[in-house]
Amino acid sequence: MFAEFLQYLFSGVTIGATYAMVALGFTLVYNASHVINFAQGEFLMIGGMATVSLLAMGVPLPLAIAMAVALAAVLGVALHKLAIAPARKADVITLIIITIGASIFLRGLAQIIWGKEFHAMPSFSATESVNVMGAVMYTQSLWVLAVAGVLVLLLALFFTRTLMGKAILATSMNPGAARLMGIRTQFVLMLAFMLAAVLGAMAGIMVAPITLTAYDIGIMLGLKGFVAAAIGGMGSGVGAVVGGLLLGIAEAMTAGYISSDYKDAVAFLLILVILFFMPRGLFGARVAERV
Amino acid sequence: MVTKNRSVYRAVLLILVLICSMVVPVMAAEPIRIGAFVSATGPASFLGDPELKTLEMYVEKINAQGGVIGRPLRLIHYDDGGNANEARNFANRLLRSDRVDLIIGGSTTGTTMAAVPLVERAGRPMISMAGALVITEPVRPWVFKTPQSDRMAAERVLADMQSRGITGIGLISGTDGFGRSGREQTLAVAADFGIQVLADQTYGPQDTDMTAQLTRIRNTPGVEAVFNFGFGQGPAIVTRNYAHLGIELPFYQSHGVASDRFLDLAGSAAEGVRLPASALLVPDALPDDDPQKQVVQDYKAAYEARWNMPVSTFGGYAYDALMLAVAAIEAAGTSEPKAVRDALEQIQGHVGVTGTFNMSPDDHNGLAPESFRLLEVRDGQWVLVD
Amino acid sequence: MALRLPERVPGLPVLALVLLLLPLFLGNEFHLDIATQIALIAATVVGLNLLVGYGGQVSLGHAAFFGMGAYASAILTGTYGWTSIPALVCGALLVALLAWTLGRPILRLKGHYLSMATLGMGIIIAIVINNEGWLTGGPDGLAVEPLTVMGAELSIFDHYSLLGLEVSGALLWYGLAALLLLLAVWIAQNLVDSPIGRALRAVHGSEVAARVVGVDTSHYKLLIFVISAVYASVMGSFYAHYTGFITPQVASFEHSIELITMVVLGGMASTYGVILGAVLLMLLPQLLTDFQDYEMMMFGLILMLTMIFMPKGLLPTLSEAVRRLRPRPASAPASGQE
Amino acid sequence: MNQSVQQTETSCDDTARPAPLLEVRGLGKAFGGVHAVDDLSFRILPGEVYAVIGPNGAGKTTLFNLITGLYQPDQGDIALKGEAVQGLPPERLARLGMSRTFQNLQICMNMTALENVMLGRHLHLKRNFLAALLRWPSLRASERTCRAQAEELIRFVGCGDYVDADAAAMPYGALKRLEIARALATQPAILLLDEPAAGLNSTETAALEQLIRKVAAGGITVVLVEHDMKLVMSISDRVLVLDYGRKLAEGTPREIRDNPDVIAAYLGG
């Protein structure tokens, strides 16, 4: 019984950590620009696909990862410079449609470059799984959790300890005032997009050995990341992490104990229920409206 | 102001160019017009991509050899992205705008069925590359298909389980059309083989982890084997999760994974997996007197040389569809739809990649269950079991 | 008293004229078929625009209502042998009830949380349609009976004699779709020009302002949510009868995104703009087929560029440009040619 | 000034004075431990012009938001025409005759000036759903009347040039007056103006003063938050001075001007 529960938990935490990284990407961009970047899932795809194709060319794994992340970072900056910045005065929903256009474009591009097939990436460690109290865990899951943990920690340090991180926070709270204080908001925005792309790419690379990867894998993972971010409360870093883990675990538990048919429905039901009681998610800012 | 005007001007230009590009292609009387709609992108690109590649390649080949009944073939193809409504619209475009003589498509049951009413009405033969039984049962005058039915696949697997003395199984299937239909057929015929489906789990086509479902199946008492009905990357992940959980029970897949790509994706986890598939995956293992041997070897060699990627049985469905069409046009001596349809119905002993087709007015599929070979993965290779 | 002529006075007859003359320019039945579908989808989008464009409430799950209407008609006529109109009305009532029930908690949310909730609601409905195969036929879809009105069947494949003229069913269907679109526009504009519409637009413009002058904003949000859902349901029913075959994709997240994209692309709060948006987005897949593998990339690119350079949508941007050109016809074209 | 105002200038324990239009008792509201409004009580009599002043952050706008139902009070009562109204949403208060303007303009920029004011007539219009859907003649007639009334009001506040202009295209000063026109369109018993003169030049302020006088002369009770002391002192019947959310002083402009506490607070005491 317990082994069963543990098995669902492992599976949920692994996928949940992925969702959390995607959700953090959403949160970063949202905080800096109040844009929901529907292209966030594509960075995941680009990270995974680029790494796979570099590996196939004989590039060693660490270098391949670095190059893939760099590629995603460049694309993140390009997304901001070419698509978001020129339209920054547009309606929120218009910006959403722009990011949807961008995600379709990136997917179309990836499909031309890398083809439509799924690709497998070898596990980072030689042994593929370990046994923990009767439940089995991918060693890759440990990689996912470790990397997610380190990234979250680094982000937290970045925002609390560095000037640049504080600048991003200031910009998110009040762009006008931040500009007056001499913060270059455009640069901060660009940085946020870049960091989000890096996060997404890292998530994509880490889970690729478990999930396989293809040009269209970003759609569902991106959507789930958005759900996780909303569960946690848009703009809250802690919320993104908690939301991601919660979503992953809820899915695994539903598939295990209730119904695999309605696993995804339960995830979305969860968000409806949470928003019903907490209209700004679990950790969303509760500010009084200024009039 | 100036830049704003310019951007408006540019956008207007863009729209104009787009609208102009809609001009209907000029009618050319000479070639035989073959229309195709496949799911070359989207969730079913697994199917549509090799299908389209096969069609393009063989239409070229046939034209290089002088065409059919002295006329070149002209392939007009559209990508429906796996969307049934797009498929319907493209089928309609093929019928009414491109005025094709014959249609090959769609890739999935949903896209095929969406086009069926239009095709039936327009009276043009359509050869589908989708698996579900409903496409050709009941028989519709103008609709044919090349893959074996999913029921046939289920029966083949269940028969093998029966021969191994298995009486209780766990079923896991995708929630896409292929998996749903396969699941229904399996549930419908399992009892005929004295087999009980004790666990019935599903996974979404985009899911990335099926450990929970498999854990549940493993913990169901009485399960002696597991059968996965699905296509795309899902079954590969299921296979990896299966091995990862260390489940020792016999594991069966459907023909939905019958491609070398599956071996790449599932890796060592695929060891011992059994599945029904056409001869295409084991061309060299076929006995020399097998009539399919030559056809299958040729197709595999040609496809892999041209596209530099492993063949899949789905491309084989397209190969068969095209060759059946060519055979029918040759037999009819014309591309007139009614004559071609009648000729298609008369085809006997046509050796294809998928199997040997014996069409009749009551059977628009024409394949016998024997066309499915039972394969097992051993040492990373497909091996013929019987 | 100088009564300003409302914009709707010239708009509707022009639209009617365009719809009337359009069949003369369509090359073949395929074009007519696409035009019919565009009209039905455009009518759906006109309804969605009431919610999104005028009311300022984003819905990322509207295809679910469209799908429910389509499936209600398909199932009630096909499985239970109802005639089309009662099935359509029943579907619309069902959707209205659902939208009313769900709309209350959902519409309390704002901004991205509202998007999220509508998205979740839409996906749950799509999952149910996909999973309950015994009722809906599952992912492989469901064939739909032709539309029957007072015992007469309207099939695109038949020919009918109308006032002594032989008319194809396809043309009749086009006429019906065109009428539905005109009706949808007429009703939408009536609503927008009424006190209700004003209250609704005020919700978008400034919700506090609306409240302090006595507008019960949550009531109006709910009202318009239900209205736009009913629009979608009714058009979904007609669409199902027209195409004769539906799959869960009609209710999918992708379809929802498509619908909202039509609104934003054409121009929010512009009834004729969103019709233009529907026309373009429905034609694009047909126009881009020549690009083959590049189709998806092109589609994304066009979507992105249009929204970047015309953030207000096509029609508002174009009409603004025209307005700007008019007073100084000499200088404007020069700047346009750069 | 009218009679009731004369009476308020007599002492507070006068039992014969008229019932207050608005009465606030022990009102309190805190944001994260900071008391924006703290145990505040005052009464506003029908027909008077009542000003609320105080340094920045004294809780003036919070007070307005509490009175008009945008914020929920933590404690205390608010009575409008003798009826307890604390906690009621703004749309209910509007029905009871309360209307207001905002410090940061709340104009519907997606509508014309006329439509903004017609919106103010919302409560007084037939809002039959079917009539709207099908555009019945009765609805058209009522819309025509409404349009005429709205135009009248726009001219009344001095924005006659902008009747058909898009709100987004109007200058700031005109928008401030437009907001007043919209508030007047509800036919309020009490009108709350939140810094109506902020951002206006001296000519515009003078015009505003005239407008407020005209409104008050029409029998509408006016409550205003304002920084422009000249304006406050010239048009108010009584003034309430807030400091840190508490009542510092209340009285006629003359009394306030001479109040040592107020002088201390204002001159950095």
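Order of writing sets the labels: A, B, C and D. Residues in every chain begin at 1.
The definition used in the following text is that a residue touches a chain if its C-beta (ideal position, glycine included) is under 8 Å from a C-beta of that chain, and two chains touch if they have at least 3 such contacts.
Keep in mind that what you see is a predicted model, and the values were worked out from it rather than measured.
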item	value
Contact-graph separation of chain B and chain D, given in steps at minimum	2
Closest chain to the centre of mass proxy, which here is the mean CA position	C
Identity of the chain that, by mean CA position, is farthest from chain B	D
Whole-Å gap separating chain A and chain B, where each centre is the average of the chain's CA atoms	34
Rounded Å distance between chain C and chain D, as computed from the means of their C-alpha atoms	42
Distance between the centres, which are taken as Cα means, of chain C and chain A, whole angstrom	32
Whole-Å gap between the CA centroids of chain A and chain D	48
Interface hub residues of chain B, defined as touching at least two other chains	41, 175
Residue list for chain C, restricted to those that touch at least two other chains	131, 208, 295-296, 302, 305, 309
Multi-chain contact sites of chain A, meaning residues that touch two or more partners	111, 261, 264, 289, 291
Sites on chain D touched by chain C in the complex	68, 70, 89-91, 93-95, 99-100, 102, 106-111, 115, 118-123, 125-127, 129, 131-135, 139, 143-144, 146-148, 151, 164, 182-183, 185-186
Chain B residues touching chain C - in the complex, by the definition given at the top	1-2, 5-12, 14-15, 18-19, 21-22, 24, 41, 78-79, 83-86, 88-90, 92-93, 95-97, 108-110, 113-114, 116-117, 121, 132, 134, 175-177, 180-181, 184
Complex contacts: residues of chain C adjacent to chain D	1, 3-4, 187, 190-191, 193-199, 201-202, 204-206, 208-217, 223, 269
Interface residues, chain A side, partner chain B - complex	4, 7-8, 10-12, 14-15, 111, 115-120, 128-129, 136, 138, 207, 210-212, 214, 216-217, 219-221, 252-253, 255-256, 260-261, 263-264
Residues of chain B that touch chain A when the two form their complex	40-43, 45-46, 49, 175, 201-204, 206-213, 215-216, 219, 232-233, 236-237, 240, 244-246, 261, 264-267, 309
